[in-house]
């Protein structure tokens, strides 16, 4: 987008790992990216590529055991590693919000939708219960839930999967964040509902000027609403570019293979393409290029030395792409 | 050693297992290891504090407390383990049948009845029923039933709902598994699937529950004996030793109450630790097996 | 919600009827005739029959059961003991409040302490406070309360006379002495349940704290105290059932604790009745305890429905 304005989110050399007996086991090996208001960036990769950990580290909610080993995260004017835990709490929801894969387990089953929304609102803004309820109703309306006032009294289990994800989005937007992280937001939903949720995210980005970081393993879905794509493999971003360029001229063999995996209507009948092998285990990277064991075009150079990470759009961490 | 630790779900489980083995060995070897006849009255050595001859002291009749504690392990373990076996004898088939006939009236009748029986407070009913039947030998047709057997059966019956429910839930899960449907489609009769496929898969929670329930049973035995309705004197049991010791608390003869209680506590800790350990190994997803009594 | 309540209430009433029938058969059909107890074992048969006829004991069991239920349900009257000639209502009215006070004090002690311990243990998992409280819970569920009672009397009432060694000092002699006399018995009664409940609270809360919705709550920036409240309401679902059942079970252990401390509560009524072979009184006392137990279970169901909204719609 506009390259002049400073990005809202800037991540540089982010490294995440699990502390182990023989030193830290790194899982994310130095990731850099930036994101501006109104922009949508997709972080794409297989499970285990480190994309979800990267996302969770942005709101300082890494799961038990995992911790940030290095790197910097700047959110607006705040440098995440310099903040107190209370300041981080204010950033969560206030600056950055997140929605997750399974909207049923992501909503508290013991509280009404209205209660969860008003609690989220009042944690950031000193509103009365009534005013917060009014705001909650507006939020439900914003995310397209019919008869929002009545729905305030519903429990999550009384709603459909798509509606729950809408509520989760409303909850994320409760305190007016500028960045929304969506971690596989449609994986747990029906195909028809998936499209509705993606359309909703696109609309919210436009109406609210949100920056959206979409975590996905599905390039097809990404193409619908994203501007830029960063492809992650084994804890590194191996290629980053605009959606159009990624689809038109994929540089990294891994990206190319991911694209081949998307079935197309004009495909001739035949077996679906798959990527042979499996992503490397944490802490057990092969020598040279991490993708080498699965790469159809690997040669000696790939064995000897890892390729450089992409510094700008259109580059890829591959000797062949250079 | 490492494998042994793992088999008991960690070091604490192994400690529990070791305690249990030692206590059972003590009970079995009682004739060989107890220094005195537990019932031998010595009127010249009444209420002597612990010394080199009587390590745990003597009681009001001059009986050796160490010997009585060793022999007292027998009724505690017999009632604790026996009552659990009784509950398995009845609870296992009930839970299996109810779980395997989900949705039918059989399930409804069994589970609703068990629910109602579960609404019986264990200790009060145990005390009241033994009280009503009397602590002497009861004649049931041709069978003469001693009081210890009565307490064992009674506790076993009161445990049934808890045990049957655990088996019922495990059976429900198993009965809905795909392999059971596959076996049915192969034409294998229901009872055969029940015993060869479902039953073995319900055993883990049963073993865990049984171990922890033995711990509960030992405390219940002690409580029932404590109010004079369990093991009858002069036979030694940890509970009735504590009951007798009550009269000497005020005069300060502490050894009468300290040692039997210590042995109850250590034994129960052993079974609890072992049960927790076994659960961690066999049934790691179930975190809460401990039930109050 | 109302449907759910009626459903549970209906079950409870059925359970009361079923259990009371078992109880009646146990206390009225199995033991020897009260006539023999009152008149002596070698009383002439004619006298026994006359006594039984006078007291309506010669009628069929079910008729007598119906009459007992009728009098109890409609008038709340347990009747008069044939053996002692005393009204059972008076006896219960005299001893139940004593037991009730002991149990309630012990229960509140156990619930408050166990929630605090269990929560601290779960929030600071694997810290020293967690290890200490886990050691305490293993000991607490294993050491019989009545033995603890004997030992505590030995040390804190006899050796160092801080507390009275037995009995409950009436409130008329001052609130301070009254409370002091409650401390040891309530502690010994409550400690087992403190251990059981804090252990449950701990593992339930640890499980809930790992749930997605807690991550959501933190991701929306709720303050820690509110996140904990969100977690606790869910974590309490399994705990509440056991907590209210514990209230019922505590009455059983209260009998033993009362015996140790010579407290004139329901234990005296029950044990005296047993030794006097006064089975009608045994029946009345056991029925009261069973009723309390069932009410505690009913309360558990209702609390659960409040804590866990999914139950309301599924069960109703």
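Letters are used for the chains, namely A, B and C, taken in the order the chains are written, and counting of residues starts over at 1 for each.
Quick note on the criterion: a residue touches a chain if its C-beta (ideal position, glycine included) is under 8 Å from a C-beta of that chain, and two chains touch if they have at least 3 such contacts.
From a predicted model like this one, the values you see are computed outputs, not experimental measurements.
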Of B-C and A-C, whichever chain pair has more C-beta contact pairs: B-C
Remotest chain, subunit B as reference, centres from CA atoms: A
Computed distance of Cα centres, subunit B from subunit A, in Å: 54
Between subunit B and subunit C, centroid-to-centroid distance (C-alpha), Å: 21
Whole-Å gap between the CA centroids of subunit A and subunit C: 53
Interface residues, subunit C side, partner subunit B - complex: 11-12, 14-15, 18-19, 26-27, 30-31, 138-139, 141-144, 146-147, 150-151, 153-154, 158-159, 165, 192-193, 196, 199-200, 203-204, 207, 238, 242, 245-246, 248-249, 251-253, 255-256, 259-260, 267, 270-271, 273-274, 279, 282, 285-286, 289-290, 293-294, 297
Touch list for subunit A against partner subunit C, complex: 59, 61, 64, 89-94, 97-98, 100, 102, 105-111, 119-120, 123-124, 155, 157-158, 168, 171-172, 174-175
Complex contact set, residues of subunit C against subunit A: 210-213, 215-224, 226, 230, 233-234, 237, 307-310, 313
Subunit C contact footprint on subunit B (complex, rising order): 12, 112-113, 115-117, 119-125, 127-129, 131-134, 215, 219, 222-223, 226-227, 229, 242, 245-246, 249-250, 252, 254, 257-258, 260-261, 264-265, 268-269, 272-273, 287-288, 290-293
